[in-house]
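Each chain carries a letter (A, B, C, D, E, F, G and H) given by its place in the written order, and its residues are counted from 1.
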Amino acid sequence: MLSAGPGLCGGHVNSNFDYRRCDRIGMPECIYCASKDPHLLQELLAELCRKKPHPILLTRLSEETFEKLDPAYTCEMNYDAFSETAFLHGVFPKLSTGLVSVVTAGTGDLSVATETTRTLEYLGVPFQLFPDIGVAGLWRIEGNLEAINRAHVIVVIAGMDAAIVSVLGGLTPKPLIAVPTSVGYGVAQGGQCALNSMLSSCAPGVTVMNIDNGYGAACAAFRIIKQIKPT
Amino acid sequence: MLSAGPGLCGGHVNSNFDYRRCDRIGMPECIYCASKDPHLLQELLAELCRKKPHPILLTRLSEETFEKLDPAYTCEMNYDAFSETAFLHGVFPKLSTGLVSVVTAGTGDLSVATETTRTLEYLGVPFQLFPDIGVAGLWRIEGNLEAINRAHVIVVIAGMDAAIVSVLGGLTPKPLIAVPTSVGYGVAQGGQCALNSMLSSCAPGVTVMNIDNGYGAACAAFRIIKQIKPT
Amino acid sequence: MLSAGPGLCGGHVNSNFDYRRCDRIGMPECIYCASKDPHLLQELLAELCRKKPHPILLTRLSEETFEKLDPAYTCEMNYDAFSETAFLHGVFPKLSTGLVSVVTAGTGDLSVATETTRTLEYLGVPFQLFPDIGVAGLWRIEGNLEAINRAHVIVVIAGMDAAIVSVLGGLTPKPLIAVPTSVGYGVAQGGQCALNSMLSSCAPGVTVMNIDNGYGAACAAFRIIKQIKPT
Amino acid sequence: MLSAGPGLCGGHVNSNFDYRRCDRIGMPECIYCASKDPHLLQELLAELCRKKPHPILLTRLSEETFEKLDPAYTCEMNYDAFSETAFLHGVFPKLSTGLVSVVTAGTGDLSVATETTRTLEYLGVPFQLFPDIGVAGLWRIEGNLEAINRAHVIVVIAGMDAAIVSVLGGLTPKPLIAVPTSVGYGVAQGGQCALNSMLSSCAPGVTVMNIDNGYGAACAAFRIIKQIKPT
Amino acid sequence: MLSAGPGLCGGHVNSNFDYRRCDRIGMPECIYCASKDPHLLQELLAELCRKKPHPILLTRLSEETFEKLDPAYTCEMNYDAFSETAFLHGVFPKLSTGLVSVVTAGTGDLSVATETTRTLEYLGVPFQLFPDIGVAGLWRIEGNLEAINRAHVIVVIAGMDAAIVSVLGGLTPKPLIAVPTSVGYGVAQGGQCALNSMLSSCAPGVTVMNIDNGYGAACAAFRIIKQIKPT
Amino acid sequence: MLSAGPGLCGGHVNSNFDYRRCDRIGMPECIYCASKDPHLLQELLAELCRKKPHPILLTRLSEETFEKLDPAYTCEMNYDAFSETAFLHGVFPKLSTGLVSVVTAGTGDLSVATETTRTLEYLGVPFQLFPDIGVAGLWRIEGNLEAINRAHVIVVIAGMDAAIVSVLGGLTPKPLIAVPTSVGYGVAQGGQCALNSMLSSCAPGVTVMNIDNGYGAACAAFRIIKQIKPT
Amino acid sequence: MLSAGPGLCGGHVNSNFDYRRCDRIGMPECIYCASKDPHLLQELLAELCRKKPHPILLTRLSEETFEKLDPAYTCEMNYDAFSETAFLHGVFPKLSTGLVSVVTAGTGDLSVATETTRTLEYLGVPFQLFPDIGVAGLWRIEGNLEAINRAHVIVVIAGMDAAIVSVLGGLTPKPLIAVPTSVGYGVAQGGQCALNSMLSSCAPGVTVMNIDNGYGAACAAFRIIKQIKPT
Amino acid sequence: MLSAGPGLCGGHVNSNFDYRRCDRIGMPECIYCASKDPHLLQELLAELCRKKPHPILLTRLSEETFEKLDPAYTCEMNYDAFSETAFLHGVFPKLSTGLVSVVTAGTGDLSVATETTRTLEYLGVPFQLFPDIGVAGLWRIEGNLEAINRAHVIVVIAGMDAAIVSVLGGLTPKPLIAVPTSVGYGVAQGGQCALNSMLSSCAPGVTVMNIDNGYGAACAAFRIIKQIKPT
């Protein structure tokens, strides 16, 4: 638990939290914790716990930082160490329409996939997870294709050469959001190889997120789901 | 008009055109002409003109290559030199549902935007074009925001720092497909700067295409539009 | 506190501190601690504490190194761990003319911003800080624009896509110094993405510093402020 | 002279020229011609020649494109092929205060320097040019230092290792705007080496522009000059 | 036809052609023409036509250079402009054992594939060509798999994301030599994306050549074929 | 030993282990441990220990992770910390035909070489190791050449400039598989320099693996060895 | 021959030619023509032909530019198109001491080698040329080693993987200056691969020049030769 | 002190130490410890302590590794932690001719400079050290120039923009060996910026080493010094 004062020369920083974002774009501002000084993070939590505007999602919240925070705030959180995400004050109500398939090429991609599924859970979007469907064994895609295609949006998460994206993109008519992961070594270059492969995919209409951006993929899927009229 | 024989040691190459792609993913195979030997391209056109499977889109067909082709085939094409696209045997019927907004940051991005609008026209997707809406004059976005938001999908096309993506992404709830262009010089690095900016956008849920891939953005929009139930 | 002898084969290194820099360029030499061997750093401190030429600024002085130094020297310092800066023998007298606005896109950019504001404080330049003014919520810029524009120079500090630079650059006539930060992941590439975005900005006349160089931005602002005649 | 219709599918593109930029930031929108389709460029010129809002600067206007334009418009231009710039409807009145020194490391940097001086001329800012002051012969800097320092702002333009920036930055108290050029070969990498050298300069407070961005340097100098009160 | 003297200050360059390479490694030295001054190339041809050591392969011999050479030499060549290869004094006798499958992902990869097949023809290695087997239509691989697998070595040639390599690598037990091509644009980066994808392939034991190195792939296949005992 | 539940929100992940790979390509799926969450790794081990399909190879299994695993599984493993590999349930029977030479340029390349030799041991392929044969002392290659050439395949492992590849490639007719290592500093760039050198080798028909991919080189050698008929 | 006026807005540029460089460093300033506007180049030639200070070397003078120059100046030049070099007013007298061996890996490296030998000729340094000594045939080095070692300095010029540098560096005690060339394709990356290989060479004490910098290698050799006392 | 057996599967590795290198190139093989497994390093030490061929230099020997070695060997070493170098069995006798100046731009470059001076000491080459001579204060070079020039070779060591190289190169006729260091942040990119600046230096005949390669610079200087005849 933090005890020292804020890092900014002893002063107090007025919050600029974007409370009106939900009205403008249908999604609230979330809190990306990786680059935030723990003191400032805690000040922001204090404000949010006081105002309770709506459920809040925290991403890239490492276990190390989480444990430094005041239990007064963390006790109100649902924290998942594997995906480094937390819900503060619960999640949004479940949507009545829309389904997202989250597919991973390997088990190494599961922490990013869980950032996606946790964000979908937070936004109230139904989803199904298909882990470890790599193309070195094509039967893994073929056996799951019908189930995958039941969704309105497919999020495909892969590292290394990300070959699954072109294969799946040639088999499904659904919107496809590809997330490169930093899994791999050497020329995989921290996900850069997977990113470029996805952007160069020979399957038409594949869209791509930043490396390891499981959160963004969920938001992109949410934007699409909101266009679908409930039956 | 080409007269010499094919480049492949005088032999004949059996076509592998993917006639069944439309059934699998709802979109036909298109012909990316940039890397194709003109002799092989013409052989493929001969086959497609004989079989007439469905309307065909050709992309990256430079004026120089277009003029080398046999008039017997080019007379059946609708060719646009600015976007280097051609329709062979017309376009698909117009969809009754769905609208796409195509937004560009500058006039330099218009050739890529036209690749997008020509592909949308080919696939039968209604669209509206908003050219030259750069953020150095914010009034250009603000004055058009309501009209832009009328669409189900927004394609935003920009070079250099692509700042428009974060601004627009913070103002619209619609699915956002960002296309970096090779406009710019120095560190713009042929579109790499715009690409990375788009992938790093602070607005949630922005999806990204390869540099100058106006065709792919249209396909991605089409995949989304197909999920929307007609009213 | 260090006890062992110097790293250089037991010898003594004559200082080459640039005591005359203030006369030449109006700013003293500062001490960049990141690459300095602690033994050599302490030798230099000993000399400066003996000669007391003028107030001295130390940058990139990590808490770990700070704690290794002899309390005889550190007791004469004003140290700030958040920005890793220290003042030795106070700061320069406050200038009667000139005001600098320091703007950050996110709270993650605050440690770099504090390096800037600490350097301005050291050089005697008045400043005002506007933290967390990102463009995903444009109201944050618009609500602060008039106050920001009251300054003679604006330092804008941002990571990721740094879109704020083009937006602000299209709204202010003031000299604009942009500092990219290493905030972000994946293609943000340790600040390279923000750097290239700033250099490619479509707003005219934006000048740029090295990644995380909050100190340099303050020096650049100081060079400008010195050109303004007092009223 | 262009005769064919516009590239955009035969339609007409409404101009989005930012006529109000001058009011907001004190500088008008200029026209970057490199990425513009000649047909669209000519449409824009027609509009500007009809409205005559204020003097207009065109940059990156190659001789090849210039010669394709309608003489009705080019006859109203002052065109300089070396710097690829043109003035349409004259230049702004000369400022009564402010002087800029434009320094180049080699004669190979002169085309970029001329883009700077032409832009300064257009904006009405007095300047003096010091070409070919490379550090392999230090006497060239030392002999000109006093004259260079008479200005309020120094623009230094260099390719290859850009060593002049650190040397000059250690000798002058004036604001220093560094422009890397694409002069050089091999690891000079089209100006990337000069850019990184300038950003890493050991002289404090050097600010940097994009590679070959002589226009931007003039705008940055103009922003500074406008802060100086006339005596 | 060349008439001027050699480029080397009027002197004569003694050949260092590696006549003994065939004895050491079973393959002769071939002539890579891309970087060779045409005068020097012709001098070398003169020597080889005089000595006639064994059949000679020339690669990267552009049509432009080919036409500059003395007909006295070119009349003894079998030249193919599509692959930019030539045989001087015929080819080696056909091997009684061994078969190579050459597979391409797209028709754009055919010029590189033809460099491979021409080199195999020159070395006397039997081969079969499977063009345009991209994974966006999996049926193209599946329908040809049995035939492809009949060979002792598979050369797979692909640009862009090169996804075919992982798919094929998971379906065949044969030695797999992957050749990235410079087909593609944007992040395909002249073949760098395909190269990295191939090196990162999740299929075990895929080996990789330099970008567009169809010649090298044939040599690598030849090295393997030579290990197979004739039945 | 792990005690906590799986990272995936408390749920259970069905295994997708590719039990049929051996039938398709002659080699089983191996387990790349570097990117795998230890909980998931242990679940997979539990399944494999229950099913015992065939000997299993684990690669990139760090000592740190190894020690976290349940002794119930690790006691059935043959673990080598130097190469970070483990055999679970033994190795495959030794092949009666085929020999591989594994050559390293320096002693720093031995950990990668051991990943290769351990994989060969697992697959049942006979091998001989020639460590530390760098070209700065040519006698080291020349003295071992005859012995090296006795094998059917040569794996050459080198970091830095990897000059040994071109030298050896000019002296041997055998299939050559080159593995770059991350040995070196500065421009060696984590193996990128060795990789590019190998791909650019002037010796014909050298094939290349990803950086540090000793496992893949063994698999590639195995694919070749399987083509050789037993005598 | 040029007829138009200078590019600099009609003005005249005072020369800053470094006439005193010879006194300071023993070598005169040479003229790098690649980045120079032909008008400015001709102005400089006019001045030098008037003053005739000493022999002048021009490098990177393309045939195209050479032919645009006034015959009044070119008639006084000794021009070599292959190396793009010219001597104006002869060369310096031959030194009585010192010998340089210039070695190339392939014939494609000869244009760079000729830039080196022409510069040595200009500076009066005796040299011997050993072209095409690549390591794929080691006998080419071994047969020439004794002769190469007769020199005081060895310049070795190579593209692609530049393996010759490590081999030669392990066989000679002489100072070794390595020049990477832009020969090669794909990952050779315009000489970057050769450059990094040379810098990473396992042979001790190899020094390196910029890509294609044959001129610089000659100057570096000259600096060394000048340290050798005549016998 | 190490107790466990060697990493190589319990076996013994025959040494390939290049005992004859001194005869061939005048310098012995040194031991680069960074990439060596401590067990193998110790085996090599055991052999060298038994054979005592000549004085041995160890580089990149971190304190952490040094402390793991058997005191039986370390007690015979002269170890310097700052430069991570050790002498085993003393150093070579001092040469009667030759002097090297070692110059650094900043105090942060001193650890690399000490690797250079320690290697010179080991090889018996006299030297003088000039630390902290950066160009932001030109008086530091000018005041030391005469003394620096007294040497036969100058080694200049610098990070960041390495501007000192061009300045010094324009002031001295002596052979100049430049060593980039990894000092700096952001675009300094671990020394890549300094490296490229040095290679692009406008001063003629500057030669360059790999980043942080202080050892190599000493070897290069030694190769030159050996060419100088004793007076």
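Simple rule for what comes next: a residue touches a chain if its C-beta (ideal position, glycine included) is under 8 Å from a C-beta of that chain, and two chains touch if they have at least 3 such contacts.
Predicted model only: the values in this text are computed from it and were never measured.
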Shared chain contacts [chain B and chain G, defined touch]: D, E
Contact-richer chain pair (by C-beta pairs counted) among B-D and F-G: F-G
Chain pair repeating A-E, as identified from B-C, G-H or B-D when over half of the contact pairs by residue number coincide: B-C
Chain whose Cα centroid lies at the greatest distance from that of chain D: F
Chain whose Cα centroid lies at the greatest distance from that of chain H: B
Whole-Å gap separating chain E and chain F, where each centre is the average of the chain's CA atoms: 28
Centre-of-Cα separation between chain F and chain D, whole angstrom: 56
Whole-Å gap between the CA centroids of chain A and chain D: 43
Sites on chain G at which at least two other chains make contact: 21, 106, 136-137, 169-171, 184, 186-188, 192, 195, 199-200, 203-204, 210-211, 213
Chain-chain contacts as defined at top: A-B, A-C, A-E, A-F, B-C, B-D, B-E, C-D, C-H, D-G, D-H, E-F, E-G, F-G, F-H, G-H
Residues of chain A defined as touching chain B within the complex: 21, 24-27, 30, 152-153, 169-177, 195, 199-200, 203-211, 213, 215-216, 218-224, 226-229, 231
Touching residues on chain G, where the partner in the complex is chain D: 7-9, 13, 15-16, 18, 20-21, 29, 32, 34-37, 40, 44, 180, 182, 190-192, 195, 210-213
Touch list for chain H against partner chain C, complex: 80-83, 106-111, 114, 117-118, 131-133, 136-137, 139-140, 159, 183-188
Chain B partner contacts - residues on chain C that touch it in the complex: 105-106, 134-138, 160-167, 169-171, 184, 186-189, 192-204
